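The letters A, B and C name the chains in turn, as written, and every chain counts its residues from 1.
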Amino acid sequence: MNDSPPLKHILEAALLAAGGPLSLDHMQTLFAPGSVPDKTALRGALAQLQQDYHGRGVELVEVGGGWRIQVPASMAPWVSRLWEEKPGRYSRALLETLAIIAYRQPVTRGEIEEIRGVSVSTSIMRTLQERGWVRTLGHRDVPGRPAMYGTTRAFLDHFNLKSLDQLPSLAELRDLDEIHPELDLKFPEDAAPEAKSPDGAVIGEDPQER
Amino acid sequence: MNDSPPLKHILEAALLAAGGPLSLDHMQTLFAPGSVPDKTALRGALAQLQQDYHGRGVELVEVGGGWRIQVPASMAPWVSRLWEEKPGRYSRALLETLAIIAYRQPVTRGEIEEIRGVSVSTSIMRTLQERGWVRTLGHRDVPGRPAMYGTTRAFLDHFNLKSLDQLPSLAELRDLDEIHPELDLKFPEDAAPEAKSPDGAVIGEDPQER
Amino acid sequence: MNEQLTAERMTPEEAVAVTSTVRVRGERLTELPRDLYIPPDALEVFLEAFEGPLDLLLYLIRRQNLDVRDIPIASITRQYMEYVELMKDLRLELAAEYLVMAAVLAEIKSRILLPRPVQAEEEDEDPRAELVRRLQEYERYKTAAENMDSLPRMGRDLFGASACSRGMEAGRREPEVSLQELLAALADVMARAEMFSHHHVQRETLSVRERMSQTLERLSADSFTQFHDLLRPEEGRRGIVVSFLALLELIKEALVELVQSEPFAPIYVRARA
């Protein structure tokens, strides 16, 4: 054991291999009888390690269960992406709602529902607002004082637009299937069946869809 | 992102938070669009980290699944005491089966049995697959359509290998006739006959031969 | 290291090193096969340590420091058969492969014993060739397995390093939407709206709509804003026209109200509460 590595490196190895806190007592059990460092020595080595880690990607902290090497909060912007889920997809209902808000703003939820023929779920409105694409502009001065919605700067930025003007006009949109045949626009008969109940009643959205 | 931490510290944090290998591609996903480092930059930062770790309680290595921070074997005397249970040993049958799959892939169970001269137990094949070291690559287009097996990235990771190339090379097969000419050797110039058959032709090591 | 040896890892040589008394079916084994120096008691462990007939054969050959390519077939066959008999006696699970190998050895032996015409000798392959090839083939993988076992591996020699990153839960990545998707959605809804509802989506000047939103946002219901504050001369004539149209549209939709105390006095605008 003459060429044993420095104590702080043994502790570094053990703490990282453990992946969680180690108490001083536990650290002592790692050493062969006769070469067990006392707690003062352990504390000294840990203090050195703490210093070594200054400004690095990890830090050494004392927690209830002992000492632990952890990733500092300043690294969260990168590290949290490690476990990021793959981006999901927005539902058709959400996209339609967004499109109507973009073209008809300021517009209330009731007006959106009237155009779409189905109710607009609260979760869709919340998602659009959380995403920062839609905001409340005020309230219409009618019974119930419904909120009026419009699009935001972030909406324009996301779609790389300088202003809403750059969106094709509704008339142009009508010819969209000629411009982009690959979009395969449907005729009403083929359109999402949710929009048509036999009696024309408004059908609620699937609460699961975002 | 002006005061973003140095790239190597971000990578250090991510690798330790991941607790396993990260590919360069995966590392790139940690960065916000517009500030994604290119692979040269990543490699440079990893090389710096490798240098920083020199002589410490951890090391940075490249294995099949990407880059990994690990505790080197020199620390095993202390670190292995962290766990009460010693790691299990693998039976010879398992190791031989694994070696044949590693060196001969894609290989069927029948071929493994032919080389070993005994049947391969189902439990060994299952263990190898459950550990994620071996997987089915497809089926050989012969009667019975037997599965062909190969090793995985997890196999490389477990054995600390970057690629199959890093496995120790297989012993050469030698011809039966060589033993007799060898007895006549007198001069060193005639030595190294291993690679030669009596007629001087180099005997290739054809892995397909059989 | 030794105490960690298990039966499966024990090589025949190591098994030989152990000693005590051997019993077969409760009876002392009195007659051991020739050349078979077996540590009593360890016999079973020893025999089980072989990974098959090729492994056993390799052991017999290596024990005599012979080259695989120069097998003395007669003596190896005899030794092999003795082991196989012993395995039978011990009722070890004797794989059929051991018996197949016995047959192979007997066949080779008989071919070697048969006298051959001198001329034919050169063309005839050595009857041992196939066996030698198989032994070599097996041995190289046996060695490869030993090499592989000595590679540093995770959990035994190397250990994963990880640091605590609690509190850095996965952020959810927002779905991406392309402009095309958005337009396709609108085209859909328009088609439906035209067929099914009395609502008419008219051709709109989007800049007016946009300006309506912007204007509404600037206005408050609690205080008045001067009309001319809503117009931005730096936008030029078109900008002013758009702002003005937006204001008219807002008035038409009863979203804002205008107040003017007297002719030519400043016009004030406020959102309808």
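Everything below uses one rule, namely that contacts are C-beta pairs under 8 Å (C-beta built on N, C-alpha and C of every residue); 3 or more make two chains touch, one makes a residue touch a chain.
None of these values were measured; they are calculated from a predicted model.
The busiest chain interface, judged by C-beta pairs in contact, is A-C. Distances between chain centres, each the mean of the C-alpha atoms, put A farthest from chain C.
Inter-chain spacing, taken between the CA centroids of chain A and chain B, is 37 Å. Separation between the centroids of chain B and chain C, computed from CA atoms only, is 13 Å.
Each chain gets a centre from the mean of its Cα atoms; for chain A and chain C, those two points are 27 Å apart. For chain C, residues touching at least two other chains, in rising order: 159-163, 165, 168.
Shared interface positions of chain A, defined as residues touching 2 or more other chains, are 13, 16-17, 19, 58, 69, 71, 75, 79, 81-82, 84. Interface residues of chain B, counted against chain A in their complex, comprise 5, 8-14, 16-19, 22, 26, 29-32, 55-58, 69, 71-72, 74-75, 77-79, 81-82. Here chain A touches chain C in the complex through residues 13, 16-17, 19-21, 58, 68-71, 73, 75-76, 79-90, 92, 95-96, 98-100, 102-106, 114-117, 131, 137-138, 140-141, 148, 150-151, 158-161, 163-165, 167-171, 173-174, 176-177, 180, 183, 185-188, 191-192, 195-196, 200, 210, going by the rule given at the top. Remark: chain C residues 159-177, 179-197, 199, 201-207, 209-210, 212-213, 216-217, 219, 221, 254-255, 271-273 touch chain A in the complex. Residues of chain C touching chain B in their complex: 4, 6, 8-9, 51-55, 67, 69-70, 95, 97, 101, 126, 128-129, 132-134, 136-149, 151-163, 165, 168.
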